[in-house]
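Listed next: structures, encoded as structure tokens.
Next come two complexes, and both contain subunit A; in the first it sits with subunit B, in the second with subunit C.
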Partner chain A sequence: MIKLRANKRLQTTIRNQVLWTRLGSRIGRPVAWVTSGSPVEMVLAAGFIPFYPENHAAICSARGMALGMAEQTEALGYSRDLCSYFRVDVGSQISGNTPLGRLVPPDVVLVSNNICGTVQNWFRVTAERFNVPLLFLDTPFNDAAPTENDVAYVRDQLVHIAAELSRLGIRTVTEKRLGAVVERSRSALGLWAEVLDMAAEHPAPFTSFDAFVHMAPIVSMRGTRRCISYYRQLRDEVKQRASAGVSSVPDERARVVWDNIAIWPAHKQLKKLFENYHVSLVADTYTSAWTIENLDPSDPFSSLARVYTDIILNHGAAHRVKVLSNMIKKFGAGGFVLHSNRSCKRYSLGQFGVKTALTAETGAAGVVIEADMADPRSVSFDNLQQRLVPFFEVLGANG
Partner chain B sequence: MSRFAGLDIGSTATKCAVIEDGRVVMTVVLPSMPDMRLAAENALRECGAEGLPVITTGYGRALHEPRLGQVSEITALAAGVGLVAPDAATVVDIGGQDSKVVRVEAGRVLDFAMNDRCAAGTGRFLEVMSRVLHVPFDQFDDVASEDVEPLPVTSTCTVFAESEVVGLLSLRHPPARILKGVLQSVCSRVASLGRQVGMVAPVVCTGGTVQSRAVVRSLSLALGVPVSVPPSPQRVTAIGAALLCARRAAGGQLPNVG
Partner chain C sequence: MGSNRLERVAQDPFAEAQSRAASEGRPLGIGLSSYFPLEIFDAFGLAGIRMPPRPMDGYPLGDGILQTFACTVVRSMCETFLRRDLPVGLVGATSGCDALTTVPGILDAAIPTLPVVTFRLPVGVESDAAGRHAAVVLEDLCREVQAILGRPIDAAALDAAILGREAVRVRLDGLFAGLPSRDVQASRVYAAAIAAQVMDVESFLAAFDEAFSASVSSAGSEGIPVLLSGELVPSVQWIRDLEQMGASVVSDDTNTGSREAGRRVRAEEPNRLKAIADSLVHRPVHSPERFVSGRPRGVAGRARAAGAKAAILLHYKFCDPSAFEAPSLVAALREVGIPSVLLEVDRQTTLTGGDRTRVQTLLESLP
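Entry: the complex of A and B
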């Protein structure tokens, strides 16, 4: 396995972002804590520095710090059945523990229920703890695509949120200013889509295990110039690999797609297991959630309303089958892994039905694995291996 | 060389099979504990398989060297069923530490489901209950043949079920009714796995536990379909590993075997 040169740049980029948050807050830039599905473009246009508790929880988990933090939250009486990102985040807030040195408290929090209902409560708890305003964006759940009424409803809220952010921030959110941020987001999302699409090459020069790590800037820095520059370099490097025929896993023998968030406590072990069996994880519904195509800088409010209402988690199981089925065809996968994530009910609901429908539609073999994105107590690598190895063998036998 | 060995190092028993020209010539079953490595060596020796090419499978499959390869017990089970019950479309296997339902076709896996990080629904559950009830496994059939209604026992947790059974005994409920409840509990867990992949007939069941007719009867009731038991149900996975070994030695493709 040849490491990406961009891995080093990623570390520097994340570290600089953390430093910038700290420095910025010291020189008077306000900080907004936002959910991964929030229209971050809004807070950037108002001059806020965004911070992502979800990303932070993922980093804590990947560094093996999640358990202690989760336990602190549970000691307050929160159930272990709640989202592990929530438990890690609150634990970090209480203890001040973080792998990033020190967290800067929010001046405002922005939450949207387009990814789940949990964040709504989570960010309310956060807003109360820090005694800061909470801005909430309600996105109607989609049966098919968002209707014009849905878009108008969400757009109205965005206009209201823009006024609030202008009052609380250091800049007025004008259509022009927002348009410029949206343009930068669009560029970064386009570059990220290019990177992910290159996994369609045989062999795949880049896998979802790479994407799980390199997604950090697109989640937390989209809308900034640094984000564009980061993905330009990554795109160029992956492109080079693709044209040189470099495979991410040695001697690729099978290709599969993934549904749901990564399993951070077992990330490295899983990556190794896939490599040992020569299986490329070519695409996933998680990192590809940030490959939105239809952002329109000339009409930022409506286009943000549409895009943030239309995201995958705001759709039902039939949509998931469609997305995964297209992915299987586009990336030439012979199988799919559905991670039933104990922490994320919205993402995991209906997976057995999805599995049956997907196999019927594509002929690809599937497996459901049970784990958790962050809580190591709900992740057993042995159990994962027990399921994945026979599944890999099925793929080899079919291939 | 025309003989090939398959070694299934399970959590409870270690099974070895030797095949020659696609026919089973010898099988051996030994307890895996206390030393799995030693059990594997003994099984090979007793099977006359020392020095033969071998493919290992089961929980302890990485323990034995040298080997031609290792393969998951799901793949080996499907291969074995392909020989001993070639018409089977679904295999239900209740092993010592896990239970699985595998959809098969001509010795290959189409789909599978396994129980997750839990002893409920496995042979281990029956072992624990056998101890509490003071009914040894080989007497299950006699005790469960009594014409009495089963007493419901939880199917979610071995530890809870054990205290439940102790409670039922203290209330002087007859062991036959409790045992039937225990069997129902295990089999209902397995049936829920079956629903994940779809129970397509004909169904065969394998694994050490289905040597008991009472288990098979209870399984058939829970699944709602007739099930048949091939000869030596405990050895099917080892036989499958031996078949895969022969295929591998002949230069055939054996997927992803490390």
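Entry: the complex of A and C
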């Protein structure tokens, strides 16, 4: 396997982002802890440095630190049935443990329920723990596209949030300032979309296993110049690989798409398993959630309202079928894997119906695998292997 | 037990729903959440009910469409619809917790012929914008119902439904507010609340007045005063079990009980749909599935004012909003000197041996 050169830059980029948070806080830059589906453009426009507990929890889990952190949260009385990212994050807050050095506490917390109902509870706990203001963006769930009334409702809230952030931050959130950040977000999102789209090449020069890792900057740094620079380099490298016919998986024999968050405790093992069976994971609903289109710098409030209400997890099962179906066609996949993630009800409940509908619509073979995105106690690689290997056989891929 | 009509209905609300549909000759409008306004079903000529609690040993059909890490309330709903043993005219879901929010999509995929509408009530309910949006989405909902049923909303029926449902809530609210006096046994109060979920308004009011008229003697309760907090009370027997162990509920914080009963529709608001929407957004006590500030302290304060000496937290397994709130609710109760015990409910409709041990220990340990 030829590793991406960008892997090294990714590590530096993430480390520098955390260092910047620490440095920035020393020179008076306030810090905002935000959810991955929050309109981060707002906090950037107000001069905050954003920090993403979800990203951090994923990193903790990928580095094998999740269990101890989760147990510390459970000792506070929180159920093991709750989201493992939440349990890892709060455990990290309590213990101070983190693979990224010291974390800077928030000056404000911004949460949107467009990705799940969990985060509104999780970030309330965080805001109370640090005794900082909690700003909540309520985005109406909708099976169809957001209505104009939905957009107006969310826009009203964004205007209120902008006023609050202006008061708490170091800059006033003006349309012009926000528009500039939105423009940078749009550029980065476009570059990320280009990177992901190149997996449509045969063989795929880049897979979702790469995307799961390289998504970190688009989640935590969109709206910044550093993010654009990072994805420009990644895009160019993947383009070179595509031109040269480099395959991410040796001797690619089958292509599948993925639904749900990565399984961090088994990420490396799964990647190896797919490689051993010559199966390319060419696209997924998780990393593609940050390929948002239609951001409009000239009308930032309305376009942020529309875009952040219209993301995949704010829609029902029928929309998921549509997204996955398009993905299967676009990326030439013969199958799909649905990760039934115990930690994420919004993402997982309803997948049985999605599987049936998707196979009926596309003819692609599908499998549901049971695991968890971060809690190693709910992840058995042996069980995953027992589900995946026969599935690969059906696809005509074998070791 | 089963000494009056309300208690008999509460004993088996599912059977009442079935017989009601048969006797009234009109299909049921089934609300899946206490945030779905049954007045809307009534106004469209359906027999509006809440999804009745139903004891089940398992979910052989439901498990085929829904993972096991959804709460038993949601799994039971799916199982019921798949069994097709209720004549359903329309299902009304409401945006809320993640599980309930995903249910319409799941049902749509599994039973395409089942008509389901979603009331997209805001989750954040404290802003003026939320109130305005709630009214807008309720109007959207009525348009959707009209399209499905092929008939418009009946304005006169809506007025009657608002008045009737309000009368039901006022009576129930009075009972729950009176719990601290312990003149009426809590199990009778919960029986009335459970019966109200499935009975037609007129029958309920008649049965209520008969059951709670001054001439009907009622043994009060002598037990240790407790708070009961949770989403849905699994059965009247569950409350009776608590009473038999020496607990007497004097403060209620459940969707079955005072949370829903406390909702008021303003008579002076000419836009009736807006009045209903406001009553939901400005419900005095919300479920933890809504984004509101200060809920645990509010619950603790009310429990203390009611004289509760201990608290029973009824927690459905896999119910995220309750599970998130539990530690802060326990802490808030501790602050006002009320120790608590958390009972995890799955499919059982009575107290388990483990539940009994925990309740008994809590009650025995009180000074």
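Some observations on this one:
The rule is simple: the second predicted complex is superposed on the first by the 396 of 399 C-alpha atoms of A that agree within 3 Å, B and C clash if a C-alpha of one lies under 4 Å from a C-alpha of the other, contacts with A are read in each partner's own complex, and residues count from 1 in each chain.
FYI, a residue touches a chain if its C-beta (ideal position, glycine included) is under 8 Å from a C-beta of that chain, and two chains touch if they have at least 3 such contacts.
Quick caveat: nothing in here was measured; it's all calculated off a predicted structure.
Superposition of the two complexes onto subunit A shows subunit B and subunit C fitting side by side, with no clash. One of subunit B and subunit C touches more residues of subunit A, and that partner is C.
In the superposition on chain A, contact is made by A:Q386 with subunit B only, not with subunit C.
Once the two complexes are overlaid on the shared chain, A:T118 sits against subunit C while remaining clear of subunit B.
Using the contact criterion defined above for the overlaid structures, shared-chain residue A:N149 touches subunit C, although it does not reach subunit B.
Legend: residue contacts after superposition of the two complexes on their common chain; A:F352 is shown touching both subunit B and subunit C. Legend: residue contacts after superposition of the two complexes on their common chain; A:A318 is shown touching subunit C, with no touch to subunit B. By the document's definition of touching, of the two partners only subunit C reaches A:Y78; subunit B does not.
Shared-chain residue A:L395: touches subunit B; no touch with subunit C.
For the overlaid pair of complexes, the smallest distance between C-alpha atoms of subunit B and those of subunit C rounds to 6 Å.
For the contact definition in use here, the residues of subunit A common to its subunit B contact set and its subunit C contact set are 352.
On the side of subunit C, the complex with subunit A involves touching residues 64-67, 69-70, 95-99, 101-102, 104-106, 108-110, 118, 120, 122-124, 127, 129-130, 132-133, 136-137, 140, 288-289, 291, 317-318, 320-321, 323-328, 330. Of all residues in subunit A, only 76-79, 81-83, 113, 116-118, 120-122, 124-125, 128, 136, 138, 140-143, 147, 149-150, 153, 156-157, 160, 316-318, 321, 340, 342, 345-346, 348-354, 356-357 touch subunit C in the complex they form. Remark: subunit B residues 71-75, 98, 108-112, 114, 116-117, 196, 253, 255-258 touch subunit A in the complex. Put simply, subunit A touches subunit B in their complex at residues 253-254, 276-279, 352, 359, 365-366, 368, 370, 380, 383, 386-387, 389-397, 399.
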